[in-house]
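Dumping the structure here so I can ask a few things about it.
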Amino acid sequence: MSVGLNHYLFLAAVLFVLGLYAVITKKNAVTVLMGIELILNAANINFVAFSRYTDTDMDGQVFAIFVIVTAAAAAAVALAIVLNLYERLKSINLDEADSLSG
Amino acid sequence: MITSAILILLLPLVAFIIQIFVGKRLPRKGDWVSTGAMFAALALSVGIFIDAVAQYEPNNVLATATWDWINFGPVHVTFGFLIDNLTAFMLVVVTLVSSLVHLYSIGYMHGDPRYNRYFAYLSLFSFSMLGLVLVDNLFGIYIFWELVGLSSYLLIGFWFEKDSAANASKKAFITNRVGDVGMFAGIMILFSITGTFSFNEVFAAVADGHVGGTLLTVAGILLFFGAIGKSAQFPLHVWLPDAMEGPTPVSALIHAATMVAAGVYMVGRTFVLYTPDALLFIAYIGTITAFIAATIAIVQMDIKRVLAYSTISQLGYMMVGLGTGGYTAGLFHLTTHAFFKALLFLGSGSVIHAVHTQEMDEMGGLRKKMPITFWTFLIATLSISGVFPLSGFWSKDAILASALGFGMTHPAHMPIFVVLLLSAGVTAFYMFRIVFLTFTGEPRDKKKYDHAHESPLTMTIPLVVLAVLSVGTIWWGWVEHMLVKPELASYGSHVASAVEHAAEEHGVAHSAHTIAMFSSVVVATLGILLSAVVYFWRKISADAWAEKLKPIHTFLWNKYYFDELYAATIIRVTLFKSRLFAAFDLKIIDGIVNGTGRLTAAFSRLQGSIDLRGVDGAVNFVARFVGYLGSQLRGLQTGNIQAYIMMALFAVVLLFVFQQF
Amino acid sequence: MDFSAVVQDNINSLLYFVPELILTGLILLLVVADLLLKEKHSPWMSIIALAGAVVVMFSVVGQYELGTRSIFNNMLVVDPFSLYFKLLFLASAIMVVFLSIGSIELAGRPVGEYFTLLMTLTLGMFLMASATNMLTIFVSIELVSIMSFVLATYLKTRRRSSEAGLKYAIYGAFSSGLMLYGISLLYGLTGTLNIYEIGEVLAGRDSHGLALVVSVIFIIAGFGYKIASVPFHFWSPDVYEGAPTPITAFLSVGPKAAGFAMLIRFFNVALATGGGGGSESWSATAGVDWPQLLAVISAATMTLGNLVALSQTNIKRLLAYSSIAHAGYALMGVVLLSEQGIHATMFYLVIYYMMNLGAFLVVIICQDIVGSERIEDYRGLAFRAPIPALAMGVFLFSLTGLPPTAGFIGKFYLFAGVIKAGTSFYWLAIVGLLNSVVALYYYARILKAMFFEKAGEEATSTLPVSPYYVTLLAVFAVPIIILGLYWAPLADLAHHSVGFLRAL
Amino acid sequence: MQDIMFYMFAALTIASAGVMVFSRSVIYSAVGLLFTFFGVAGIYVLLAADFVAVAQVMIYVGGILVLLLFGVMLSQRVTGVNMRTETLQTVPAAIVAVGVLFILFRVISKTEWLVKAKTTFEPTTAKLGTLLMTDYLIPFEIVSVLLLGALIGAAFIARKG
């Protein structure tokens, strides 16, 4: 069977789930952020694939570019926050950041 | 007339605003502002009342005024006044009792550090109650209803330094809210069907048959939930005895004339909405309340608590009156009760003021020291006991006749009458118990007795005025003419049939009257005599009888095992058992004496324990369960962000599953 | 549309974009002013921010005359609905500036970035309220989120604030990831990003099945995170507790309302048909029962919020849970997908804005004068600082929904809407009513502490409250009472603003 | 040919993403992510999205990943803590992940997408540039404000004091 839309979608779905898994299980805040990047990439693959395979013009590609740019901005801020927490806690393990609870 | 109505409403409101902001700086801390405003409102109310009498007609609507409050789309709310005979009556009752309580408070609250605040709250309370009486729609009645709740909260907790007072006010507020939720739901059901809140339009919609059947029954019962809360009906009556923690004049105001009357008034105002089933529900709730509260009252030693339970009991009577179709009887009892119960509370306040205790154990022989208090108190007691020809006799007799008439036409419901009659005897018994324990015999606490003195004039004048009103043989004539049951023929078919069951009784009621009158006099006399035997002549010793009747304990114990089972469905069996034992122990100590007395007492003890442990327990159980649930859910918030993410994802999967199936 | 027409449309749209342009100008002005002003805590920053916000407000009001129009090639829309929300955002931003000026937590922190970020966030909310394309929806949510992350971390030297920021950032990034994935599926299903076209495509087809459900649930995850509804609420108590109190107050009002604006527009335009032109209700398209799904979320949200609030001891956290519960109440109106429901929600959000910000204001004042956020330290406050205590009474009564406060009227509209919608939502109304009883319990606990309990031995002195705070308290408390008695103007405004662009 | 390319890139993407997710070393994870990004860029090329592919490499690999590594270095080297990342709640996470994967697979295979394959391959850069300046002008401007705000915010948080 030749490669079609579904193949790309399956690939994206796998990537998405791997990202979810990383976000939930990794203690290290930076690896959690990496997991989020996986999720975003999965969505982007969807966008570009739909843009290619369905009658939709280039909207999907444009969307993907916007996602990449905002992801960069979000990553910059998130990292700044992680480093800031590191200065307080001397650790970037998320399970140690639990003073707020209940 | 509308101008007077607006003034009546504004006077206490303005007094409240003045008192709360500048009261402290006024001469005499401004007590004259509130009191003056109230008396002015009284004068205006009397004016309206005289008009009502002058243009007398049954169900006469004297004046209405409606303003658009908000008007667009689906929600159209008007604000307006409706003044008819019922309103005129209630205005006089509320303003009269309230003014007397104001006057009385000047003496009673003298020297309190928050004197001006107290009067501010009183004014707010009167404002809310008058608004409740005046408005012409369900929406308005709900708002003022809540305001009444709020101001009672402030007044009951007035001495918040006492933990018990702070807790009592919270309990009152929350218990009332439970009922209010039902009421709100009832109002919203009516609104959702008729699209209006106005009494007239809702009634008209009911008359046209737009609303009917089960839905109307449900709406009526839900509305009545509000009254269950405010008028302290079973099973939400638990707040009222605790609410005695407030200053005594407040008790008189809240528990005699206004707050508790609000529920009865509301049922009267919306009388035509209730289907036969809803009315029957009301009647039975009233019966249960009347009996339970009366039996509990027998064994209380705190003078104000006895009065509190007696209020609950009398409110039950009023509900029975309304529920059995005796519209006039129920509202009449509301009026007479307002006066004699206010008198009883103010009288007890006078006693408490003199001896600085509420325990009847520490009183006795006060008759000589406080003659005015004694005589007025005695008049009120005779009245509440239903002794001819005092006001209480007429109104209670009317209710009994209504119940009997209902029982005669529907024999299955005869027990209502029987239970009420029994309760009437019990009422006479426990009321005279107060009189004997407090005013006669040897002083049990010499020091307190020596210290006692008659209260100042500001306190005794209200007593005398109320005593005169409690005698009021003339009342009945007025009321019968003024408060005629709404012309139901003009309303739709089902309501007509609903009230037919009462209407046809009217014929029966006449013959029922004679029987009811006779039997109630007999029962009252028996109750008084019994009380006198035990507490005045002291022919029977409590302790001796407690010993003799030991087998009866066991018998009672087994008999009420069913009740215990019933209660155990609410709380855990073991817990209840141990508490029941404790309740019986208590009973042996200060138990009651004579055969009947013994039985009734045991019964009332049990009722009391079901009441305290069972109902309170149920309320507490629900509260605790909700709290437990909350703390369990709180456990989800572990502080770990990844756990949150996982739960959210899990929920996403769940939502998906939910959406698919 | 050919090239020149598109450019022309962009140029024409500028007229409809004036408030946003002014706001952008204000942001740049703040950046420049921060560089120019030598002093790090210059009061000028707040004055510029306030003055700018007021100017924007006037220009928003002016837009009411322009009518309804889709701008920038259907990326955004200007309609009374968005204008109503924009006014609400501005009102929150202005009040939060006032709250921040006095806040003891923020004292000594640099003000330049603070106000710049605050105004950028406000711009983001403006765009959220008028976005009509999945791309603008996504980008404006990101704009608001990223600014919120930074503001939550603003007390970066404090552990609680840092931790709040981190949690917020991770949860927020994760949610937008989910939402993005949902959007991509929806895009694949319908072949367009424009919500009007999405609506048309979905209405034209009868079955969509799984894919639509999954994509919309993922998108709800994004909206739900913004409005903090169960089960996407987990971040909010922690963030609300850790963030600086003025920011907590802002987050609990502004972005939440923006999320509602977006949720309402998205559901009514893309997932429902009918309505418009004053007609009664819309029906859900695509054979999926969205109303019931939203109703379940609404019921779960208010129940969880209220139950967990019962056992809180920190007042900020308690208010966080209470604001979750209020999101549940406000959702009751969205559930119906009807004009009346939306009207009720819009009306409620404004009232919620006043009572919630008011409550947080009292918290800020107490941080200053009592120095604590624990409820037990509020004991006897009524005697030590009567004015804040009294105001708190008003706010809590309103939050509970007791007359004669505005909170009662707001709840009343919501319940009226739900009940009028017919029997299928009676259960929701009942859940709502039961919840209001539960809510009373924990609000009463605060009141009891303030009015009916005595302060500890060491704390008996009267606490001074500055006239500045007294004025602010009055600004919140008085309207709550007035609106409780005469709410027609606000209700009229809300009613007038319900009409939003339904189709292109 | 295209098919083989797809499977190669897909294998690269998933395998390196797997390394990223399951490796215990943060550095390995970062390297895994690097190759994932490259793999995804390859996928974009296959999908005729040349500009997106370039943006992916430039921004993700050049920007974000470096940023992430920078974060790792800065926070771990100082204390000499070994660069390991522990895992938690793996079992429930696996269950949820499998559940989501199952749902997504069902969705993808059950849905009738509006497939209309475009076989032509044309450069997209110019077209995208025009789109950004016309149809997508406003999101473009919003993103510029977003970047400004993020810049100010990140700088504020990162700087001392």
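The first chain written gets the first letter, and so on, giving A, B, C and D; residue counts start at 1 in each chain.
Throughout what follows, contacts are C-beta pairs under 8 Å (C-beta built on N, C-alpha and C of every residue); 3 or more make two chains touch, one makes a residue touch a chain.
Fair warning: this is a prediction, and the values are worked out from it, not measured in the lab.
By count of C-beta pairs in contact, A-B exceeds the other of the chain pairs B-D and A-B. Located most centrally within the structure is C, per distance between chain CA means and the overall CA mean. If each chain is reduced to the centroid of its CA atoms, chain B and chain D end up 70 Å from each other. Between the Cα centres of chain A and chain B there is a gap of 64 Å. Note on chain placement: the centre of chain C and the centre of chain D lie 31 Å apart, centres being C-alpha means. Chain B and chain C have CA centres that are 43 Å apart. In chain C, 135, 139, 142, 146, 149-150, 153, 156, 165-167, 170, 174, 178, 185, 188, 191, 210, 214, 237-238, 312 are the positions where the chain touches two or more neighbouring chains simultaneously.
In chain B, the residues touching two or more other chains are 634, 637, 639-642, 645-646, 649-650, 652, 656. Those residues of chain A in touch with two or more other chains are numbered 9, 16, 19-20, 23-26, 32-33, 44, 49-50, 54-55, 62, 66, 70, 73-74, 77, 81-82, 84, 94-95, 97, 99-102. Taken chain by chain, the contacts link every pair, so each chain touches all the others. Of all the residues in chain A, the ones that touch chain B in their complex are 20, 23-26, 32, 94-95, 97-102. Residues of chain D touching chain A in their complex: 2-3, 6-7, 10, 13-14, 17-18, 20-21, 26, 29-30, 33, 36-37, 40, 43-44, 47-49, 51-52, 55-56, 59-60, 63-64, 67-68, 70-72, 74-76, 79, 81, 85-90, 93-94, 96-98, 100-101, 104-105, 108-109, 113-118, 124, 127-128, 131-132, 136, 139, 143, 146-147, 150-151, 153-155, 157-158.
Across the complex, chain C meets chain D through its residues 3, 6-7, 10, 24, 27, 31, 72-73, 75-76, 110, 113, 116-117, 120, 123-124, 127, 133, 135-136, 139-140, 142-143, 146-147, 149-150, 153, 156, 165, 185, 188-189, 191, 209-211, 214.
Residues 88-89, 92-93, 96, 99-100, 103 of chain D touch chain B in their complex. On the chain D side of its complex with chain C, the touching residues are 103-104, 106-107, 110-111, 113-114, 130, 134-139, 142-143, 145-146, 148-150, 152-154, 156-157.
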